[in-house]
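Have a look at this one before I ask anything.
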Amino acid sequence: MPQGYLPIFLFLIIAMAFPVIAILTAKLVRPSSPSKLKLEAYECGIEAVGNSRGRYAVRFYIISILFVIFDVETVFLFPWAVRFHQLGWFGVIEIAVFLAILIVGYVWVYKKGALEWV
Amino acid sequence: MITYTSTDHFVLLPGLLLALFGCAVLLLDFLFPKDVKGRGWLVGIALSGVGFASWQSWQQYLYLKAHSMTPLVAFNGALVLDGFALFFNGIVLASAALVMLISYRYLEDEKEHHTEYYALVLFAACGAFFLNGGLDMVTIFVGLELMAVSFYILVGFLRTDKRSNEAAMKYLLLGGFSTGFLIYGFSIFYGLTGSTNLAALATVIPARGANDPLLYLAIVTTLVGLLFKIGAAPFHMWAPDTYEGAPTTVTAFLAVASKTASFALLLRVMLVGLGTAREMWEPLLTGAAVLTLTIGNLAAISQSNVKRLLAYSSIGHAGYVLLGLIAGNQTGLIGVSIYLLTYAFSTIGAFLVLIALRRRGVAVETIEDLASLGKRYPYYALLMLLFLMSLAGLPPTAGFIGKYYIFLSLVESGKYGLAIVGALYVAVSLYYYFRLVRSMFLTESIEAQVLAPSNGVRLVLALTGIATIAMGILPEPFLRMAAISLGR
Amino acid sequence: MSGDTFFFYAFSALALLGGLGTVLLRNAVHCALALMTSLLGVAGLYLLQGAEFLFAVQIVLYIGGIMVLFLFVIMLVNLDQASKLQQFGRQTPIALVVALAAVAAIFSMLSKSAVLLPASVSLTPLTGGNTETVANVLFTDYLLPFELVSILLLVAVVGSVMMAGKRTE
Amino acid sequence: MITINHYMAVSAALLLIGTVGVMTRRNIVVILMSIELILNAVNVNLIAFSKYHNQVTGQVFAIFVIAVAVAEAAVGLGVLIAMFRNKGTVQADEVDLLKW
């Protein structure tokens, strides 16, 4: 393993352990006397109704689909940007063709009205 | 360093044209009016895309012929242009053109006419090109998925139809699953060779020796994926449902383009990559072929839905093509090519008769719907009879030539057992095809209604009918075409 | 136990336990979270093998992208009722038997021939950063699939928007 | 000492878990997730082989696998939504207009 990552792993482990330890110790130390009033929504909040996992509108899904697809585009753009100078003009053309095809998709979605919010 | 040579361009161009026209159709959709005329223009553009690609393929053929059919390798060995790729590209292009011609009226009737359909057909054909000509596993994989994803959408194109939804869902779930297995096999091939090129595999296998467990695992997982794609048992279960639920035009395209391109991939992987490991995969494929013949033909007997029946018969046909590969001689490979060619025309024709017979809102579904077709619509009944004869392999139709070569190759290579099994199932298939024929000609008549098939449907019916007869009576030119696929 | 070995087992455990959770848990949201854990474990394995760029891609695309998609759909189709239904189909027993047989076969194979591949000849490690080397290969040898992927993504955009989008007419 | 075979064992185990998931679960969303597991098994293999051969080819292959997984998941979930609208279920064998 690249040894350079050891500090990061240690940091990750500490970061994950910290909230767990904090919550657990708090639970052990604090007095516990729940009552109905205490368990209600905080102060003037509205009483929660129904399930927190309600149904969403499809629009959210379409937006998230587009996000993910263009995310993939970024994955391919990134290494190109890193080697921009070495790849030269040919690389520019290559990535331009790639982007042009994806822009066809973008224009299609735009014209289709899938991006309109209402 | 990176290059894009004129050879690369020449080899790629037909596929490139298909993709370009696909993009054009998507964008031009917004320029043309949303009426019958506007859509007609777009269909014309999509068809001209296929036309340009065909013209370019013809140029490729002339070039190859002038250079004594020496394969042309492009993109550092990722893509190859040889007679084999050309032949299968031709089948894909022909089926794409025929399917686009017959789709217009069908989609209008289903009230789901969107020009995206034509773009997706073009993209699927483009993906198929990389199965036919791909030598690099990454290219093959991406091409395969391009074709498969386009087909998932096409199968589910009737979005408000529950059966279409379900068919798409099943095809997608099982398709994704099988792709996973295929690519798992590919990953082990990569591990064995350190290269993603199939040609590199052939050099490694002798060193690994026969019955190497890792190689065996890779072959088995790859075969699972490939057998699924060609719709062979025991991974055929998606086919009847998908064929039944999909729009009939898509069913025809799926049964022809997807199946032939997948067979091209299977042949390429088995003969180029694993040619030296024949003793490892031959028993597996033999088992799969016999099972496919059994399941396809026996299950077809009990079907009452015509599309399902044709789906099972198409599974059975995959078994015959596999037999040609198993025979393993030159005759067998010619048999595979000519079989797939004849199968393409007969299958599109048979599904097309169903499309022509459907009136607005009333689809032809069950065998009873075909009752007394001979009296009601004698022309369609005769055409259907012709296509069924071809599918069953009776002379003087196209199907006979395909079956003849498959059986000839089995006899030549001394695999008499398989030849007998195959012949047995031809007899079984005669039975269920005859059920359709009996329903068409020997049942009580019900009144005829006026059909108004579009000109596209008429044209394609005529074309497929003529092709089916011509291949049966004058097989020589078509056999020469099949010989191209062997590089002769 | 060296750090290498420790992290390998830790990440593999994460990947496999997450995978088991995905397959076994009732509630689809829990399945999605278990899958995320599994993907994180796999990402860790990438890092151990020196594939830093892929590690980042796995986190950004898989965990940040695909899993968000899954969670949106779970919300969208409201799977809370679905989680109360029977979760395993009729072919479960057959599948388990087949899977166990496959486990036995594969592991006996892996243990029998202890070295399936010849031990890696120690080569000089690749110079330069991982992303640079990936870019060099991606944009030269894999030019063709790279451009093909853009068409595939275009098809995916068209398909998913058509399927999920509202119906005109 | 961790060898290539260890990675292949993890990969094979992930493949099997995914396969069992596809074959046994009735919820279509979970089946799609199981397919993602299978693709991850492939990627573990590819990365390990890539290191083994001292190349990055396997890593590039894995990037393509991920990109394809995105496309498949996007279309799969889209079809799922279309089906849910028509039928109101995401259970694989309640989907029974066609025999499963």
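Going in written order, the chains are labelled A, B, C and D, and every chain counts its residues from 1.
As a working rule, a contact is a pair of C-beta atoms (placed from the backbone, for glycine too) under 8 Å apart; a residue touches a chain by one contact, two chains touch by 3 or more.
All of these numbers come straight from a predicted model, not from anything done at the bench.
Colleague: What's the chain with its C-alpha centre farthest out from subunit D?
Modeller: Looking at centroid distances, B is the chain farthest away.
Colleague: Of every pair of chains, which is linked by the largest number of C-beta contacts?
Modeller: Counting C-beta pairs in contact per chain pair, the top pair is C-D.
Colleague: Just the number, please: Cα centre separation of subunit A and subunit B in whole Å.
Modeller: So the centre of subunit A lies 41 Å away from the centre of subunit B.
Colleague: Would you mind pulling out the distance in Å between where the CA atoms of subunit B average out and where those of subunit C do?
Modeller: Distance between chain centres, rounded to whole Å: 31 Å.
Colleague: Please report how many Å separate the Cα centroid of subunit B from that of subunit D, as a whole number.
Modeller: Here the centre of subunit D sits 26 Å away from the centre of subunit B.
Colleague: Rounded to a whole Å, what is the gap between the Cα centroids of subunit A and subunit C?
Modeller: Distance between chain centres, rounded to whole Å: 17 Å.
Colleague: Check each residue of subunit C and list the ones that touch at least two other chains.
Modeller: Answer for subunit C, listing residues that touch two or more other chains: 4, 50, 53, 57, 61, 65-66, 69, 73-74, 76-77, 106, 116-117, 134, 136, 138-139, 141-143, 145, 149, 151-164.
Colleague: Residues of subunit B that touch two or more other chains: which are they?
Modeller: In subunit B, 2, 4, 19, 23, 26, 138, 141-142, 145, 149, 152-153, 156, 159-160, 191 touch at least two other chains.
Colleague: Spell out, as numbers or ranges, the residues of subunit A touching 2 or more other chains.
Modeller: In subunit A, residues 58, 61, 65, 68-69, 71-72, 75-76, 87, 91, 94, 101, 104, 108 touch at least two other chains, as defined above.
Colleague: Answer with line, ring, star, complete or other to describe the graph linking chains that touch.
Modeller: Here the contact pattern is complete, since every chain touches every other one.
Colleague: In the complex formed with subunit C, which residues of subunit D make contact?
Modeller: My answer: residues 1-10, 12-14, 16-21, 23-27, 29-30, 32-34, 36-37, 40, 43-44, 47-48, 50-57, 59-60, 62-64, 66-75, 77-82, 84, 89-93.
Colleague: Per the contact definition, I'd like the list of subunit D residues that touch subunit B in the complex.
Modeller: Interface residues on the subunit D side: 4, 8, 11, 15, 18-19, 22, 28, 31-32, 35, 38-39, 41-42, 45-46, 48-49, 52-53, 55, 57-58, 60-61, 64-65, 68, 71-72, 75-76, 79-80, 82-83, 86-87, 92, 95, 97-100.
Colleague: Can you list the subunit D residues touching subunit A in their complex?
Modeller: Within the complex, subunit D contacts subunit A at residues 63, 66-67, 70-71, 74, 77-78, 81.
Colleague: Quick one: which bits of subunit B touch subunit A in the complex? Just the residue numbers, please.
Modeller: Touching subunit A: residues 2-4, 19, 23, 26-27, 29-30 of subunit B.
Colleague: Going by the contact rule set out above, which residues of subunit A touch subunit D in the complex?
Modeller: Residues of subunit A touching subunit D: 58, 61, 65, 68-69, 71-72, 75-76.
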